[in-house]
Structure formats: C-alpha cells, structure tokens
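Pasting the structures in now, so scroll down.
Below are two complexes that have chain A in common, paired first with chain B and then with chain C.
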Partner chain A sequence: MIRRAAKWILAALFILMLGAGLFAPYGYEAQSRQEIASPPSRTHWLGTDALGRDRYSRLLYGGRVSILLAPAASIVSVLLALIMGVGAALAGGAAQRAATTVIDLALSLPWLFLLLAVRATLPLNLPPICSIAVTFALLGLLGWPGPARVLLAAARRQLGSDYILFARASGAASWPLAARHLAPNLAPVVLAQFWTTTPAYLLAEANLSLLGLGVSEPLPSWGNLLRELQNITALPHQPWVAVPLLLLIAALSCCQLAQPPREFSI
Partner chain B sequence: MGNRRLAAAALRRLCLLLLTVLSAGLFTSALVRLAPGLGSDERQFDLRRSNDSLAALNSGARTGGVLADFRQYLVGLARGDWGESVSLRRPVRELVRERAPTTGLTLFAGLTLAWAGSWAACLVLQLWKRTALDVTASILTGALLCLPAAVVALLFLYLSAAPALALAAILFPRIFRYQRSILDAGVRRQHVLAAQARGAGPLAVFWRHVCRPALAEVSALGGVSVSMALGAVIPVEALCDSPGVGQLVWQAALARDVPVLMHVTVVIAVATCIANFAADAAANAGVPA
Partner chain C sequence: MIRFVCLLLVLVLRSGLAQWGGELRLNVRSEPRTLHPALADDDASEMIRYLTGGVLVRVNRITQQAEPSLASSWRVLDGGRAIRFQLREKLQFSDGTPFTSDDVVYTIETIMNPDLHSPVGDSFRMGGRVQATADGPLSVVVRFPEPLAGGPALFDQVAIMSRKAPAKEAAVLGPFYIAGRKAGAWVRLERNLKYWKVYAGRRLPYLDAIQLDIQPSRDAEFLRFRRGELHMLPALEPEQFDELSKTGAGLVRDAGSTLANEFLWFNMAPAAPLPAYKKAWFASKNFRRAVSSAIRREDLCTVVFRGHAVPAVGPFPPVNRFWFNSKLKAPSFDLDAARRFLAQDGFSASGGVLRDCDNHPVEFSVVSNAGNKSRERMAAMIQQDLAAIGIRLNIVTLDFPSLLDRISKSQQYESCLLGLNNVDLDPDGQMNFWLSSSAQHCWNPRQTTPATPWEAEIDRLMREQAGQPDARRRKALFDRVQEIVWDQTPVIYLVNRNALVAVAPGLRNVQPAVLDPRLVWNIDQIHFALQK
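Showing the complex of A and B:
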C-alpha cells in the first residue's frame, strides 16, 4: 500500500517536472528586474531569487533536469555493472577473479575526489547543458562498481542453482542461457540496484552543485537551487527558499519507500 | 594454517594497495591529460591577448603524454616530491601535512560519535522492543538519509556546532541502517532463541549471541564507514570552514589546481585501502571460533 502510494507520488512528480514547459508560468532564465528577491505573491508563487527569476518555474525546470538525468545515470551504472557482473560470472575462473579484483580496485578509488578532479579540468567556457551532461555522465560512469559486486554475487548464486545445471545438462550454451534463464531471475536485483543508485545520484548532484561544482547557472537543478540555503540565517524570514529541499526530501523518501524492502542504501 | 591464510590475505591486500596507488595515479594522469579544459584559465578570456600569447598559454599546459606524465608522477612519488600547488604556490606535500591533523581529528571524532550513536540506538531498540521506537528510528534515519551531506553541514554551521558533529550526523543513519540489519539477522537465528529460552538475560543475549557472531560483518562495515566519512568530509570542511584536507580539495577543484587534486586522490585511495585492510584484519582476529 505504502509502496504503491510512493510510486504514485513519484509518478506525479515526474509528470509535473516533465511538463515544466506547460506548468511553469515563466522560463527558467526569465528575469523580472522590478521584483528582485520578492516574497511569494499571486504572480510568483514562491517569490523570486536575487536575479528576479521566478522560483516556482525554476523549481519545475530544475526538477526536470534532476529527475530525468539521475535515473539516466543510474541506468548507465547498472548496465555497466550488469555487463561486468554477468560477463564475469559466466566466464568464471581467472576472468572472474580478475573482474573481482577490478571491482575491488574501483571500490577503493575515492569517486567523489575523482569526480572533483574531472570537473576541475573541464573548459571554463563549457555550455551549461554540457556541464549537466558531464556531471551526470561521470556519476553514471563512476558508480558501477557497487552494483557490479552485487550483480556478480547474484549471477554466481543463480549459476550454481539446479535449474541452470539442468539447462546446461540439456545443452544450453552460455549466452542463450544468460538471455533465457539468467536475465529474468536477475531482473529484481537489477531493479533494486536502479532504485538504490538513483537517489544516491540525486544526492550527489545536490552536494556537488551546493559546492559550486555541479550544474552551472543559469540552468537550474535541485542541487543549485539549494545554494540559496547557504544564507541559512535568512531562512526563518524566507521559509519558502527551503521548498526545493522539501521536494527533494519527498522525492528521495518516495524512492526509499518504492523500492523492494531491505535494499535501500546510499 | 590460519596464519598462512592471514598472510595470503595480507599479501593480497598489499598488492591491491599497490595497484590502487598505481591505478589512481594513472587514472588521474589520463583524465587530466585528456580533459578538454586542461590548462584553461581566466587569462584565455582576456581580449587584449594576441593569438601567439594564447597559443603559448595552451602549449604550456600540454607537454608530454599520459604515460610520460604518469612516469613523472611515479618518479616524483618515489622521491617524495608531490609537486607544487598551482593556486597556492606551495608544495602539495606540505599543504597536505599541514591540514591532515585537522581532517584526522574531524574523521576520528565524527566516526566515533556516529558509531557510538549507532551502537546505543541498536542496543536501545533491542532491549526495549517497542514498535513506536522502531518506527521513530526508521523515520528519523530515513529523513537524515534524504538530506544531502552539504545541507546537514549548513545546518550544523547555523547551529555553530563542530564539524565533527555534522560528520557524525551524516554518517550515523548510514551506519545505523547497515548495523541494524546485520544485528536483526542475528537476532532471528535459532541459537539466540535457544539462549532466550534457557533464561539468559537480554543484555547477555545481545552481546554474546547477537553481537559477537556479527563482529566480522560489523568490522567490514567499519572499513566502509571510513570510505563514507572520507567522502562526506569534503562538504563538511568546505561549508563549515574547517581548514582540513577536504577544504583543500574543494578549493583546489574551484581553482583547477590539478597537482593537489591528483595527489590527494591517491592519498585518499591509500587511506581507504588501509581502512579496509584494518577492518578485514579486525574481522579475522575477532571472529569467534
């Protein structure tokens, strides 16, 4: 019941953000010079920021960026993990040991530090769209080792089961075996990894953008909308500034509740 | 036999450590060398500069190749020379040495607090089995997990609390969730039920029959928690204005200071490997026969 409700809320958020062009009254970079840092009003539901941009419109557009690209990055990670994990499990022997070492090695690397190193070497005149793509692509490309370890273990467990033994005894070759028998049984694990990595990437983007190393202005994302919270002493006088944070918490809570039980971890 | 297995595990870990240092160095060298923005700085946007001047700026940044860079990095590492910070104009080694104690203290205090809180919460939930307590703990940790680490750091900055407290608040829900699920699995085992049926006290059951058999997994979680802490220390130190290695990395990333980023990444990779190695050794030593 709770899982279903969480999925419905996520779907509603997804539709709202996806339809930002329809639901937002202004563009994300449209400025109203007469209304700088104004409080909520009938024309600006969440007020305007220091540059006179409508916060509500930016929230919808920013949400669209985060809610579309975090799952996309997650798909990249899980696909890489699937190829690595299942490939190694099927190959067995030395290839499997080599894959395990590579995964261990990749898990030892501090991915946040690497991410910062790569972000720091991007061109200064990089267009905002590219900065978004690079940020999420890096998250996706660097986030595969954790899911790969889980999928390798799951694939090994499946390969050792009786039905696989029977299929092998019946003459099934490795890849048809993987496609016909292994894939359907690994699907719940893959799905669980997707639900685990998506909120992690939403949080990572928020952290990077809050530090000024994520999505660059004027494009909004949940992360760079949270930068207004840096003036945290003003929060009691402008509580509406915290709306992006509340929405992010709501989305992440729904992600926790929507996934299979006991699989959530960041 | 046991000693031989321990020695083999230690050798494997040492090889992994060496491989990590090499691959972190090679990886960062390659990334930096191949990155499209290498060497680009504000001076390139100065319209008064001639084409020759711009070409000189660009060519200065790209000398040699990935392997040449990597070789230079290894030679420097062997000599104990970590290069010089581009933005701070000081040796990287000196900068790291200067800031490491602050980060070490923050990490130690943060991890200690988070682990103490997690053990205390697990003990309370185990001894007073109340659904309301369980639900409250789940909601509280779930909510904390949904907060970006940087927002938690800002909140603690607002409260004028020490950075270690912010780090503890970031780590606590993660450690608690894993630890609780490990201990929960232990509680459901049959020998625990048998001990309870024989009239053993709840505290004795919890320590002797639930915690001790789970020490190996909890120790492994210890290694993982160090990695989590190293990741969380960047936003905490950057936003709480704590002069540690995390803040140095953040400033280096903003200033495009590649030598600092490269060497700190390697240092952190080594620290992660050592933490995992120590956790494995503790798990092997502490598992009851």
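Showing the complex of A and C:
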C-alpha cells in the first residue's frame, strides 16, 4: 500500500516537473518587480524570490533540470564504477591491485581544479542548458571512484562465496558468471550507490554554482533553489523557502519506498 | 576657573564611563596577502596597515579633511611641489625605537623604490623622483617633481617604517601591533604600549586586542555576528540589514551612499578574440548609450538593494561633495531613446530579436564574479531589461581569478559587470583607471596611443588636473572628464550602494563612515560600554 502510494507520488512529481511548461503559471524568468520576496498568495502559491519570480514555477522548471540530469550523471558514475569494480574483482591479482591504486589516486585528486579549468575553456555564449549538461556530465565522469571502491569490495565478497565457487567448478566463464550470478546479487549495492550519488550531485551542482560552473541565471535548478537556504536564520520568517528541500527529501524517500524489497545474499 | 573645573569634571566622567581593555573581534574576507605596509593592496592587508601603521596625516572619515597625526603640522611649499612636515616629539615605535625624521625619509625611499613595486608609491609617481630630506630630527621636507594635487591627504596611506628598529616593518607607530597570525585562520593585533595618543592621562587605545578572523563567506560572517562572536559587520547585504533591523540583534545603520560603484563595460580592446561585428557594436557610442538607456537603474536600487542604493551618475557619487559634477544626472530609463540610438547605427528589431545591419542577432555575454548575490541579481535584471529591446544577454559567473585573467590578460570576454571600491575622494586615486596607457583602463587597457579622440582628451585632462595646485581649476578639469564619460559611456554606471553596517550593542564611540575602513577608522577611540 505504502509502496503504491510512493509510486503515485513519484509519478505525479515527474509529470509535474516534465510538464512544467503546462503546469507552471509563470515563466521561470518572469520578474514581477513590485512583488519581491513576497509570501505565498493566491497569485504566487509559494511566494516570490528576491527578483519577484514565482517560486512555484521555478520549482517545477528547476525540478525538470535536476530530476533528469542528476540521476543521469549518477547512472554514468555507477556504470563506470561497476565496470571498474567488477572487472577488477574478476581479474584479481595484479590487475585488482592496480585498479585499487587507480581508485585511491582518483579519490585523492583535487577534481575541483579540473572543473574550474573546464569552465574556463567553455564558450561564454553557451546556452545555460548546455552549460549545466556539461557540468552534470563532468560530475558523472568524475564521480565513479567512490562507488567503484564499494562495488569492488562487494564483488570480491561475492566471488569468494560458495555459490560462485560452485558455478566456477561447474565451468562457468568469468563474464557469464558476472552477468548471471554476480550482477543480481550486486544489484542492491548498485542501487544504493545510485541513490546516494543522486542527491550528492544535486547538492554539488548547488555548490558549483558558487564557482560559476552550475546553473546560470535565469535557469532554475533544485540546486540553486536550495542556495536560498544558506541564510538559515531567515527560515523561521520564510518557511516556504524550504519547500524545495522538503520536496527533494520527499522525492528521494518515495524513490526508496517505490523499490521492491531486496535481501542481500552476502 | 568654573569652565576649567567643568571641563575637568567632564573629562573625568568620560574616562570613568569608558571601559578600558577588552578584545574586539572582527572578520576579514580574505587572508592578507602581505603584512608589509608598503606592499598592502588588498582589503585585509590595508585594514591591518590602517590599524597598525602610524601616518603623518590622517583623513577624518566623517569630515573628509586631513588632520595632524605623527606630524603636528605641515606647510605646502613651492606651489605644491614640496611639503614640510613638523613631527611630534618623543615618539617611539612599538619596540621602543625612537621616531625621527630619518624614518620618514626611509619610508619615502622604500615606497619609491622601483624594485619594490609599492602600490602606495604609485600615488606619488608622476614621471619624476620624489625625495624626502630630513631638516633636523623633527622636520622633514618631501619634494615632488610636479605640484602634488592630492596634497597632504595622500600621506594617509603611508605607514611610517623605522630605519633602525631591529623588528623592521613589525615595529609600528599605530595603535596596535601584529602579535600573532595563523595562516588562513586569524591575525591577532595587540595594544601598542608606545602609542602616542593619550586621553585623560592614559595611553590610548582603549582596547587590549583585536582578533581578525578570516572568513570569506558573508553568510557565515552574518551568523557569527548574530551569535555574538563578532562585534562589527562593515558591509551588510540588504536582506541581512532588513533582518537585523527587525530582530534588533545589533545596531544597524545605513550610513548613506558610498564611493563604491557598480558598473558594466564592453570589451573594446582591438586585440580581443571577438568577431569583428561584435567589436563594431561595442565600439559604437550609440550602442553603448542604447544599452545604458534600456536599464532600469531605479529597479536595481529597489529590488536588488532594497532601496539601500542610488542610481549612479558617473565616477563619483554626490556624496563626494567637492568632486561630483552636479550638472550631470543618472541616465534615465527610456526605451524609445534606446531604440533611436540603435536605429542610428542600422540596428532593427523583428520578432523580438534585435539584428545589426548585417543581420547578426544581437547577443552577448556578461561575465561577473561568482558568489556575489547582488551582482548575479543585477545581471538577471539587466538580462530582462535588454530583452525588451531584443538583445539576448548570457550571464556567466566565474571564480575571481578566472575573471581577472579574462579581463586583464586574455581579453576573452564581451562585457563585464563589476564594482570599484574607491577609497580616495580625490580623482588622482582613479588615475590608473582613466589613463589609456594604464593596465586598469578596463575597456581597452595598455594603449600605446589613445585609441579614440575622447580618450586622448581624458588623458590630457587627467594629467593637467594632477599637476594643477588650484583646487577650483582641478575641479573644472575633472568636471569635463565626467561629462565626456557621461556622453561616451565607455562604462555604464549602474548604482552606488549604501554603506550598511552593524555594530554589537556593547560598543561605544563607533562612528560609521562611508569611507574605508568604515567602522574602525577611529579605532583608538572605540571602547566597550562600562560593565556593571
């Protein structure tokens, strides 16, 4: 029952966000300069921001950017991590040690400077949506080492288990073994990595906005809407500013609930 | 006699009410790049120089007049080509080394040393050598190759260093000395026990120490003030000001318009890697004036700055009472005028898109520094304003080093939205900005010969006023500079923001000023309220 409700909520959210053009009463960039930072009203359900833009409309449009791009970046990271982790675990020996070293090295590198360098080379007249797509693509490409370490450890544990030894003894080759036996048992770990990296990328986008690498004006994203929460002392006077955060938590919770329960067989 | 007794009584009462001692906690937004007083050129270094350095002449930030400090008096000689300073007697540096005229000579030699590249020395460089000569232990004559237009007030930034002190630059004559420092975290200043000012028989300053914490985030700084961990905020955001006004967590004050300008300019450097048609737009006076006319400056003031700003007119706001050209008014919002200017250059709009005479759609980017909410909001508003005349503006925020690299070296930008924090009331302080040969001539730096007749005219006027001892004549020359800038619009001045400050309730004698350092300019007078 709860899972079904979660699915409906998620579906409704996706429809609202993807159909922002239909459901939003105003354009995300439309400024009403006589109504700056106004509280919720009939005309502006979630009030207006510091430039008089309708918060509800920007929430919907921002969700469209974030809901599509953050999970996409997360999928890229987890896929790369899966290839690296499982490949290294299957290869074993020197290859595995080399992979572990590469992962540790990648984790220790200051990728922020690479992101800054990339932003410096992007054309200035790039449309905001392309700029943010490049940002999420970079996040996806650079975010694999953390999940890779987890997946490598999980794959090694699985490969040492009895059922794998039995399959190997029965003559199963490495890749079919990985596809038929290892992958289903790694799925919960892979999903967990996906669910943890998605919100991390949403917040990373908000932080990167401070460096000029995130979403640029006037395009909204949940990340830059969350930036308004930096001034936490203003929150008691304007609780509606926290709606993007609540919605984000709700969406992620619903995603978790919507998953069928799985048991780890480790 | 009665008057004398009353005066004595007042002095005794005042000294009794002041709390001696205590630690003032302030915040600086960045690590000081240097602690050498002659090399200070960033806000944090300048703040430390102000709090520790002793100067011959100090500009009162309220009256904007030069007042005696280490020099008890001075006389301008040879029509402004020399100044004789009479020094106070029996003064000592913080390490006990006596202060003499030889230290002034040493300081002038140091700041004029071409190998040192002292930013303070730049104010005095005018094509010749500045020389200081000791005329006895307590008198010094400083000679200039040309009349010094800024007068003695320029010495407000020259912190005197000792030639003989073993501690070198660390020996100071100001109210505090640098007692400790942790890179990236804090700088601690402690009371200079040899400071020369005395009040009611006791040596100032009142405070024992100043802790300067380094915290770049404005939000974190604000939170710390609200928690009582900081005593002053010298530059509040308008929302923070409104919030503090409501909650009463401290004394907030709008000290009025500052000398700080927010402005936009186009890249007019011929070597810039831009398409030729865009260079032609930016070089056109009509295009620049059209953009200026399409911007609603009043809205920028009310929306972005919540009414704590005024539309900017030119290089100086009206608060600079002497130098502001009162004949000029801020460019008014006028879409018809904007369209007229554009039509004169062959621009035409169709389907909401402005196109030039070769049918290129008018689209350009504006770069600004990331993390500055006010500028990001101004850019978003200008974007909407320009859309009304069919111009598409792309906003790009960059980290500050990348931004500086683009505007000062690679020239890879189209337009830029930034601010200039004038610290000097005198136009000589803006010499670097206006001379076409200067690296800070933002729209087209380092010109070998002026690219346009009006830039040549500005060069001539600025040089002429700098060598002119007569203040009224200088004013007339600089008025003309302001008129040319208003007409040619190489820089689109947007707003002058107000000085919004907050002070903890327990502090006394804080007099907010619009000139830097806004809240601590009279640091030796500031004290805590007497504790019960």
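Everything below uses one rule, namely that the second predicted complex is superposed on the first by the 185 of 266 C-alpha atoms of A that agree within 3 Å, B and C clash if a C-alpha of one lies under 4 Å from a C-alpha of the other, contacts with A are read in each partner's own complex, and residues count from 1 in each chain.
Note that a residue touches a chain if its C-beta (ideal position, glycine included) is under 8 Å from a C-beta of that chain, and two chains touch if they have at least 3 such contacts.
Quick caveat, the model's predicted, so the values are computed rather than measured.
In the superposed model, A:Q31 lies in contact with chain C only, and not with chain B. By the touch criterion defined above, A:S253 lies against chain B but remains apart from chain C after alignment on the C-alpha atoms of chain A. In the superposition on chain A, A:L116 contacts both chain B and chain C.
In the superposition on chain A, A:S170 makes contact with neither chain B nor chain C. Note on chain A: of its two partners chain C and chain B, the one contacting more of its residues is B. In the superposed model, A:A206 makes contact with chain B only, not with chain C.
Contacts of A:N125 after superposition on the shared chain: both chain B and chain C are touched. Across the two superposed structures, the residue set of chain A contacted by chain B and also by chain C is 116, 119-120, 124-126, 210-212, 230, 232-233. Within the complex formed with chain A, the chain C residues making contact are 219, 222-223, 226, 239-240, 243, 246, 299, 302-304, 363-365, 367, 370-371, 373, 376-377, 379-381, 383-384, 394-399, 402, 405, 412-414. Those residues of chain A whose C-beta lies close enough to touch chain C in the complex are 29, 31, 33, 36-37, 50-52, 116, 119-120, 124-128, 209-212, 216-218, 230-234, 237. Note for the complex: chain B touches chain A at residues 16, 19-20, 23-24, 27-28, 31-32, 35-38, 40-42, 44-45, 142-143, 145-151, 154-155, 157-158, 174, 177-178, 181, 227, 230-231, 234-235, 238-239, 249-250, 252-254, 256-258, 261-262, 264-265, 268-269, 272-273, 276. Chain contact summary for the complex, chain A toward chain B: residues 101, 104-105, 108-114, 116-126, 199, 203, 206-207, 210-213, 223, 226, 229-230, 232-233, 235, 245, 248-249, 252-253, 256, 262, 264-266.
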